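Quick heads-up: structures coming right below.
One chain, subunit A, links the two complexes that follow: it is found with subunit B in the first and with subunit C in the second.
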Partner chain A sequence: MKEEPGGGGARPLRRNPTAGFRIFEGEATIVLPDGSFIKVLNQTGSRIWDLMDGSRGVKEIAAVISEEYETTPEAAEQDVNEFAELLASHNMLE
Partner chain B sequence: MRQPALSSERLIENLARELDFHPTADFFTRNLKRRGTGSARIAIAGLGLRLEGLAREDEIRIRSRYGVFVRDDESSAQDVRVTVVEAQVPAFLRPRSDPQGAPELYRLEQFSRGSRLFAYSYDFAGWYDTPSRQGQLALTATGDEALHRSIENYLRSVTAHRVIAEGGFVLHGSGLVRNGRAHVFFGPSGSGKTTVTLLSEAEVVLSDDLVLIREGAHGFEACSVPFRGVYREPPQSDEAFPMAGLYRLIQHPADSLERLSPARGAAELLGSLPFVMEGGGGSRALEVVGRAVQSVPVYRLRFRKSPEFWALLSEET
Partner chain C sequence: MNPYQAMIARNWKSATPYSALFELTYICNHACSFCYNCPTGQKELNTDQVFEALRKIADFGVLFITLSGGEPLCRKDFFAIAKEAQRLHFAIRIYTNGYLIDEAVAERLALEARPFELEISLHGARPETHEALTRVPGSFARLVSGVKALRERRMKVLLKTPITRLNMNELRDIKALAEDLDADLHFDPVITPKDDGDQEPLEMGADEEFMKRWWSGEFEDVREEKVPLKRDDKDIPAVCGTGRSGFAVDPYGNIYPCVQWRRKVANIMQVSSLRDVWRGSTVLSEVRRVAEQIPKTTLKNSEVGEFTAFCAGVAWLQTGDPTKMYHQAELTARYRKKAYLEFKTRADAGEVIEGLGNTFEKCGE
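Up next, the complex of A and B:
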């Protein structure tokens, strides 16, 4: 069975260490080493990306986001999960 | 009636016409003979590269084609030395067609082994080693057009990697100098780079295909490279010009200019960097491009096939 990127919310999420990223004025540009994936993240996406440092799972990241932005923990968790799935599908997560 | 069987030599010959030959690093350990004793030094944005082992006719053609970029008198310890040899094989890649029968535009393959970058296409295979500043270029063809195409595409790849290591980048774009400042228009094939070049009045045309951007003493500047697109005039100058702006071209029924955030500008530029994104270069490219977008404005320019878009640029810059 395929494991979900968030592992049910507890497994720590870590950015692919070979991916390049740079945050400009709150927006992140991220790129895979081979250039096959180049994306710009909005401020919320950039904050989530920044929090994916291997020390937090989906629930913990969602908790930070719901504190910093006007959203509920449940909505934040759903957004973080969807975002993690998108990143994982492009090999942007370890 | 059944066809007569082909001899084994004929079969091998026919197969050889169809198949690509992908050289490995070991290919270059063969005893490949130099094509001659000629040489020429080309300098691009101050980065020297000496081609050695040229046949006499190769040297004449190169000196004629690269004009103001041939600088034999300015040798430097930082020069790259490339030995030109006979490939001793009929071809490397074979031109392909798409399912509709249209021939491919061009194909170049690259791979790395340690610090050595390998590049090959139809009529050449070569390598370039960054730390030792050495390279080798094996040519299969002696015809004028094939020779120029082979040498030029090898030099494009080497130049792009060399410039990014030095903190600049080579952009798939056209460059025009107006009022002493460089406007660089970029985007994929068909976005309008050559159209902009042909429509516009300019003091200097840097290129309609590739422009070199680097950080100078007074900020980012744009320079010509001696490589040509459809616009057949050779570059008129190898001088560097301060940057006015970078414009991602989109052909559209109405002209408009939209300034991009640095993050979006960087992403657009990364999508127009030839050669260097493969083989793990994405992070380095982002680092270099990231510096440029913090000092040079990046726009999305929607334009009709008319020079009237310049009015928008004049207002903005």
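Up next, the complex of A and C:
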């Protein structure tokens, strides 16, 4: 079975520590050292990226997103999981 | 416009810089005859001061940091600086001559500095040409082995070759060498004066006859810009991003609007916040005004304006007036336009010319 980037929700998510990034006016621009990958994330993606500092898992990040963006915790968790998978596929998570 | 270009245009409009070039030292292990650096003999920033400067630059929101020199790897604390830059979440680029990159240094660059790109100056396809400019025996072989060591570690390498009288007859060999090394290559047909205005380096530049050939069919297969690109001042209505999208810091901490236009804005060690300097500087206001004026005047009034890659800093150094058309820019634009019109004639006759009418990225874009 494929392991989810968030380890089922409890394992802390951490940005690739070698990624250069800045969040400007709510949007994150990210550059990875292995191939000059430049990605501009939308506001929700940028907020999730910001929260992936190694201190929170999927459920905790989803709780913040659910509160800030007025969505259900279940929907937020699904969004965070999908987003984490996308980031992991681009080597953007540790 | 993709999201990244939209971000660049938005940052330009709000004059929010996203890149900085940091000259860590003017010490260099080469003696290139056309180097533009002008060391003053002042004391260069020490490790703690460089860290403080990097923190101020990061606090300001800058994403891209270029660690340059002189030769940045000559600094004994280079890896400490690179690690601090990484801790501050910068996207790191390194300008180097490659001389000090052996297997061990390449390994440290890959594991500790982790730049997204290294730009290395290559002056010829063979030792005698490269070393005629670097004036250091053995520098060619060390560059080649250094690039190999970096590529073995899958690091992105861009070889930069200023076209000079010495290498202009071996450009195809240089391209073949870059391909052998699996590195990207950029030819630069423009040589700039020294930072103090000394025009001597220009004597090393390729002559007009070569420039004519460079933009003719003869070098179509060598040029990156096969079909000459045009200017576009629609999204960014200025000649470049000077004083807006980025800035440069010299080894003494002096801040400039860009690497080429050396009008001192402030010293980074004497300011608490770059935001205050950025908004309140009269030098920056003037630089931004001039950068916006050039497309509306100098370039609009020139027959070759839409093909001119104009640098206000070079114009200032060459003519004393940052808005005045200078010889190199005009000459290059003339032959770029000629080549463009030849392609256009072919397109009008029914040939499919890829890229015809595309626009070039401005400096600092």
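Quick note on the criterion: the second predicted complex is superposed on the first by the 89 of 94 C-alpha atoms of A that agree within 3 Å, B and C clash if a C-alpha of one lies under 4 Å from a C-alpha of the other, contacts with A are read in each partner's own complex, and residues count from 1 in each chain.
One rule holds for everything that comes next: contacts are C-beta pairs under 8 Å (C-beta built on N, C-alpha and C of every residue); 3 or more make two chains touch, one makes a residue touch a chain.
Keep in mind the model is a prediction, meaning the values are calculated, not measured.
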Handout entry: Three-chain arrangement built on subunit A, subunit B and subunit C clash or fit
Key = clash
Handout entry: Contacts of A:70 with subunit B and subunit C, given as first, second, both or neither
Key = neither
Exercise for the section: State whether A:40 touches subunit B only (first), subunit C only (second), both chains, or neither. Expected result: both
Exercise for the section: Kindly point out the stretch of subunit C, out of 273-281, 327-335 or 345-353, that overlaps with subunit B after superposition on chain A. Expected result: 327-335
Handout entry: Common ground on subunit A, meaning residues reached by subunit C in one complex and by subunit B in the other
Key = 18-22, 24-25, 27, 29, 31-35, 38, 40
Problem - For the subunit B and subunit A complex, residues of the former touching the latter - result: 261-264, 266-267, 270-271, 273, 277-287, 290, 293-294
Completion exercise
In their shared complex, subunit C is touched by residues of subunit A numbered 17-22, 24-25, 27, 29, 31-36, 38, 40
Exercise for the section: Within their complex, state which residues of subunit A touch subunit B. Expected result: 18-25, 27-29, 31-35, 38-41
Exercise for the section: Would you mind writing out the residues of subunit C in touch with subunit A in their complex? Expected result: 3-4, 6-7, 10-11, 16, 18, 61-64, 86, 89-92, 114-117, 154, 156
